[in-house]
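Below are the structure tokens for one structure; questions will follow.
Letters A, B, C and D mark the chains as written, and numbering starts fresh at 1 in each.
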Amino acid sequence: MSLVAREVTIRFGGVIAVERMALEVSPGEIVGLIGPNGAGKTTFINCVSGTYRPHTGTVRWLGDELLGLSPSTLLRKGVARTFQNVASLHDLTVLDIAKLGASARKDRQSGGHLLDFFRSDSALERELLEQILEPLELADVAHKPIQTLSYGRRKAVDLARALAAYPQLLLLDEPVAGLTSHEGMAMAGVVRNVRDRLGCAVIMVEHKMDVVMSTCDRIVVMAAGSKIFEGLPAEVQADPEVRRVYLGEP
Amino acid sequence: MNTRHLVIAVAVALLMGALSLAFGRFGAYMVNAVAIAGIGALSLNLLIGYGGQISFAQGALLGVGAYTAGNISNAGGDGLLAILGAGVMGAIISALIGIPALRLRGLYFAIATLAAQAILEYLFKILDPITNGVSGLVIRPTTILGIPMTSDRSLVVPSLVILVIVWVAVSRLMRIDLGRSFLVLRESEIVAKGMGIDVAHAKILAFFASGFIAGLAGALAGFANRLASPEAFTLDLSADYIAMIIIGGLGTWTGPLIGAAFVVLLPEAIQRVGEAAGLSDILSPLRELAFGLLIILFLIFEPRGLTALLSRLKPRSLAVPAPGAVPATGESLPP
Amino acid sequence: MTLVLQLAVAGLAIGSVYALIAIGVVLIYKCSGVVNFAQGAYAMVGAYVSYALLRAGLHPVLAIIGCMVVLGGLGSLTERLVLRPMLKAPLVAVMMVTLGLLIVARAACLIIWGPDQIAFPKVFPEGAISAAGIFVTYNYIAAGILALVLSFGFLAMYQFTRIGLQQRCAADNTRAALAIGIHVSNQVSIAWAMSAALAGLAGTLLATLNGLSLDLAGIGMIAFPVIVVGGLSSLFGALVAGLLLGLLQSFTDGLLSPVLEDFLREHTSIYSVGALQQVVPYALLVLMLLVRPQGLFGRRGTERV
Amino acid sequence: MRLRHAAAILALTLAGALPARAQVSVCIWGTITGPDALVNGMSYGIRDYLESLNQTKGGIAGQKVNALLLDGRYKLDEELKIYRRCVDQENAVFISGWSTGSVKALSDQITQDGVPFITQSYASEVLDPKKFPYIFMAGPTYEQQMIIALRDLAAKGGKRVVIMHADNEYGRGPVNVIRQSGVVNQLGLQLVDTVEFRYDAQDLTAQMLRVKSRKPDMVYIQASTPQAIVILRDAAKAGLAGKLFIGNLYTISPTIPEQLGEAAEGFRAIQAYQFYGTDIPAMKQIEAFGAKAPIEKKDMYYMKGWMEGIAIAAAVEGAIKQNGGKVPADIKQFREAVRQQMEAQTKLDDGGITPPLDFSNHQGFVQARIAEVNGGKYVPVGDWIDAR
């Protein structure tokens, strides 16, 4: 196991959002994180990605403790994430965003900003176009400001940014929410594709069951801040407890 | 490097140089004033327009530059060394001012910069050994690379050269990761953080870069006036610079220079027109009135500034969409 | 001791005027999120309007009421004409537009009333009380008390009356206020009107103490340290912090500066600490922002992100 | 296109700015608006005298004079800009400039440009015919004014002196000179405190309480009329009598008793020029001029300006006559000639405003007396004395 989270607990005021959550993910594995609204899925992702600081627990990545590190440090350690809602970054182009993502890569960090000033980045541009934007069908809009793109494409840009860092652990927060089912399936394809190419571990929070079922290797179900079930997609679908909690069946 | 920006910047500088030759010493003085204001406005635009950090301490930062350059030059240092020294000192002080920005945001930080301005102004007045107190530091004519800068005309050259360098450098800055992270920072710190941008690092660097440029402008202003006086670097000056970048167009590439030219030349234009119209007696208040009204009208009716206005007048303009060109909604400006 | 008492009286008198100004700034901020640099302009214009009304022969009470009415009108007019079109504008633009208002107001007064200081007509009886070695003119007592009474009166109104309730509601939660049928944009106008009227009164009182000139507008800047120290969203905080800063400035001028200067002249080549009282409020502001950003009476989480 | 547009605007602005060249141009910058505006009578005085020459004599030596009055607003950058305009665009043959700060900042450039300059500041540092051959002054320096007051106190047996001054060069410069010269002690007096205040201060109550606690026998004010008004008003609040205070010659405006009434009674100030309305020949000229045009400020400063106008006109006239009645074609030459003519005046009659002027040492004259506010009017309380 490369990601091992144990006993992760975080409270907001008196409300316990995540309680003693545990999760393990191996490289190359796509784990789906599902559960009803308010189950603590995104909060858990936020803890792993450094946005929130849990009160207790450990999250180890290849043996290193991740808790307490800032998102920028995590990104440099190979942990990237996407967001539920795409940010309104009007002025930047698709390529700009991808470059920002790539800036966390180790090979891009030597020399610092002063060197950047005089360094051509056309090689990087080519690489990003071929490796990241092309598969995401963003190459044709690479030089457009993202405000001109549709919602679906903006979500793809957000994913492109995370992928440009060539992450080893990718945290996806509802990657297909708000997309048409066609776009959603395409996105799911991309995620699998990326996993195959980079061999990275993926945790995916998602509500759309068809996407989850067809994409994930394993599924973890959360409710009220805790893990209530873990198993293969087929097992999850078959479990009565999950059906009761999550699908509202008696 | 964006060659188009470089070509435009050099062309503008050559034009300004030609104007300074055509209109005598006063013309040279005004061209110099525009160039210096342009450099200062570029620096503030970097901070506010691109980085989203509102600062009312720009006037004092120019002062830091002027005093530093004056002291270095008076001690026998070459003018170029003095200018660079002023940049470094401006950068350091600016970064210090920026430290509270790591904890404070938006309005609170803006008010904190008011305090920075007030405290720096006070220091100018009492730190006699460095600033010569309220009397102001008289700056003897400097030499740049051995060439004496005794006249207003000779000073136009370094000012324009620095203007071009700064202008192009800012354009380049917005095309590297650091500049891009400024833009993200401007939109939302939370997003920036989530995207893995080191917010504190980026913020301090924004202040550092902006302060460096402000220091250069201050040094040039000191050389032009041959005096660094606390009266010259007040909150009014800070407000003037904010007016420049807003009137020119916040977060645009050409805006700062257009705004600077406008704010520097407008009072003089009103003055001359008013004199010709026989309004000498109430000209000063009229100038103020026009300035204030223009700020208000611009903000209400053309919040994207002269840049937008001019490009609308001339659809096929030279308007270069800056990396951070402000969108039509105006919502992407700093909160 | 008499010096301390005397300084305290002077500080409280000027501090109560600061409070009036700062309350106006907080009021506008609570209601519309705008930080008004033009509050000093309202004070200055108010003083000139009072002056004009007094010169026209009005009874001082009527003149002051008249001034507050005129300023109230100006305040709501500003809101309608200038601030409302800028609802979605960025913070820096809003700050700048109020600075523009300040410039315009100064220029207008300069054109109408000229650059020279003007002696303000006597509003309060001349003379002074002298007790226990303290010497206080009626002017000071009257201005100080009037400012304090009005500040408290205003706070009471804000707390206990229907319009105060609507104001608080609109300021607290715009959407909820709309839902229960409060006309929020009217409330914003009213807030601007009240704020300008208070500033007009403050300006008039200041003019009775200090005479009338364009420099009166400078009083507006003190509002920023005051509101940060008091807490950006607390009217009561503005009152307390206004008095506090008035006292602090007075003691700085009367006690701290002389001692400091005596010391410096004795031991160093520095001979003046300059206008130390001008930076003391800002030093306090910085300290407050670092230690307790929400101010003395502010609530956490009021920061706009 | 846009840049061409901007360039066109710039060009128009500057072209529109080019003046119609008058043959003889005198540039006066004062504080028409700004913190010192109350004492700006001298700027109007110079302009009006030159204007009166245009009206009565067709100008100077038959040449119309262009007397340009500009507003420096007591702002250094504005003043520095105006100076360049006067030297370069207006081709001024004589300049009258305002603030102490600007005169000191420009002193080297004035020499370099070779333009005769009369300063409204009495800063002793720029009064140096060798170092600053083009800078002239008409009256006792600030330091000399202060010494008159100090001597007066010593003569009356007082001891404790407090000096109050504004926080700018005008305020601090002369006070520093006095402090360092030790003249206070030499006169057997004691400088118990110096109090600096903001020149645009509105409230000085606390400072006055500080002054009160020093128990002074005399408080000298190195500031101008607007600040003196604040000081005297707040002195009354603190229970200090007006007679404790004495100000330099920029505190002798009738506005002070007008605005302060009782609080100004007993206040004294240094007088160096005859008051407006005194029965002297110059007054007749002024009244004749005033019959046709309104006089902006009817005070001593206007008289001072009128006197300076007389001096400027005399020097310019001399230079033109020297050149055979024609204006020298080269402005540099003209300015140099005017400077020499100015220095050559040793007994210039200014119609009784001052004793005969002697500019060979660049100072004109150095006598003064003390005047006191009595019954709402300034009344001389001593004889004219030589202030050297």
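One rule holds for everything that comes next: a residue touches a chain if its C-beta (ideal position, glycine included) is under 8 Å from a C-beta of that chain, and two chains touch if they have at least 3 such contacts.
Since the structure is predicted, the reported quantities are computational estimates derived from the model, not experimental observations.
Ranked by C-beta contact pairs, the top pair of chains is B-C.
Compare each chain's C-alpha centroid with the centroid of every protein C-alpha atom shown, and the nearest one belongs to B.
Farthest chain from chain B (centres taken as the mean of C-alpha atoms): A. Chain B and chain D have Cα centroids separated by 35 Å.
Computed from the mean C-alpha positions, the centre of chain A lies at a distance of 51 Å from the centre of chain C.
One finds 75 Å separating the Cα centroids of chain A and chain D. Chain B has residues 125, 134, 284-285, 329, 331 in contact with two or more other chains. The set of chain C residues touching two or more other chains comprises 110, 272, 274-275, 278. Shared interface positions of chain A, defined as residues touching 2 or more other chains, are absent. Chain pairs that touch, as defined above: A-B, B-C, B-D, C-D. Considering their complex, residues 3, 6-7, 10-11, 14, 110, 114-119, 128, 130, 135, 137, 139-140, 206, 209-211, 213, 215-216, 218-219, 249-254, 257-258, 271-272, 274-275, 277-278 of chain C touch chain D. Of all residues in chain D, those touching chain C in their complex are 32-35, 37-38, 167, 172, 176, 179, 193-194, 196-198, 200-203, 205-207, 209-210, 213, 226, 229-230, 233, 236-239, 255, 258-260. Remark: chain D residues 1-3, 5-7, 9-11, 13-18, 32-33, 69, 71, 73, 75-77, 80-81, 84-85, 87-89, 101, 104-105, 108-109, 112, 167-169, 171-173 touch chain B in the complex. Looking at the complex, you find that chain B touches chain C at residues 48, 54, 100, 103-108, 110-112, 114-115, 118-119, 122, 125-126, 128-129, 134, 189-190, 235, 239, 242-243, 246, 250, 282, 284-289, 291-293, 295-296, 299-300, 303, 329-331, 333-335. Chain B contributes residues 169, 172-173, 176-178, 180-181, 183-184, 187-188, 191, 193-199, 201, 205, 251, 323-327, 329, 331-332 to its touches with chain A in the complex.
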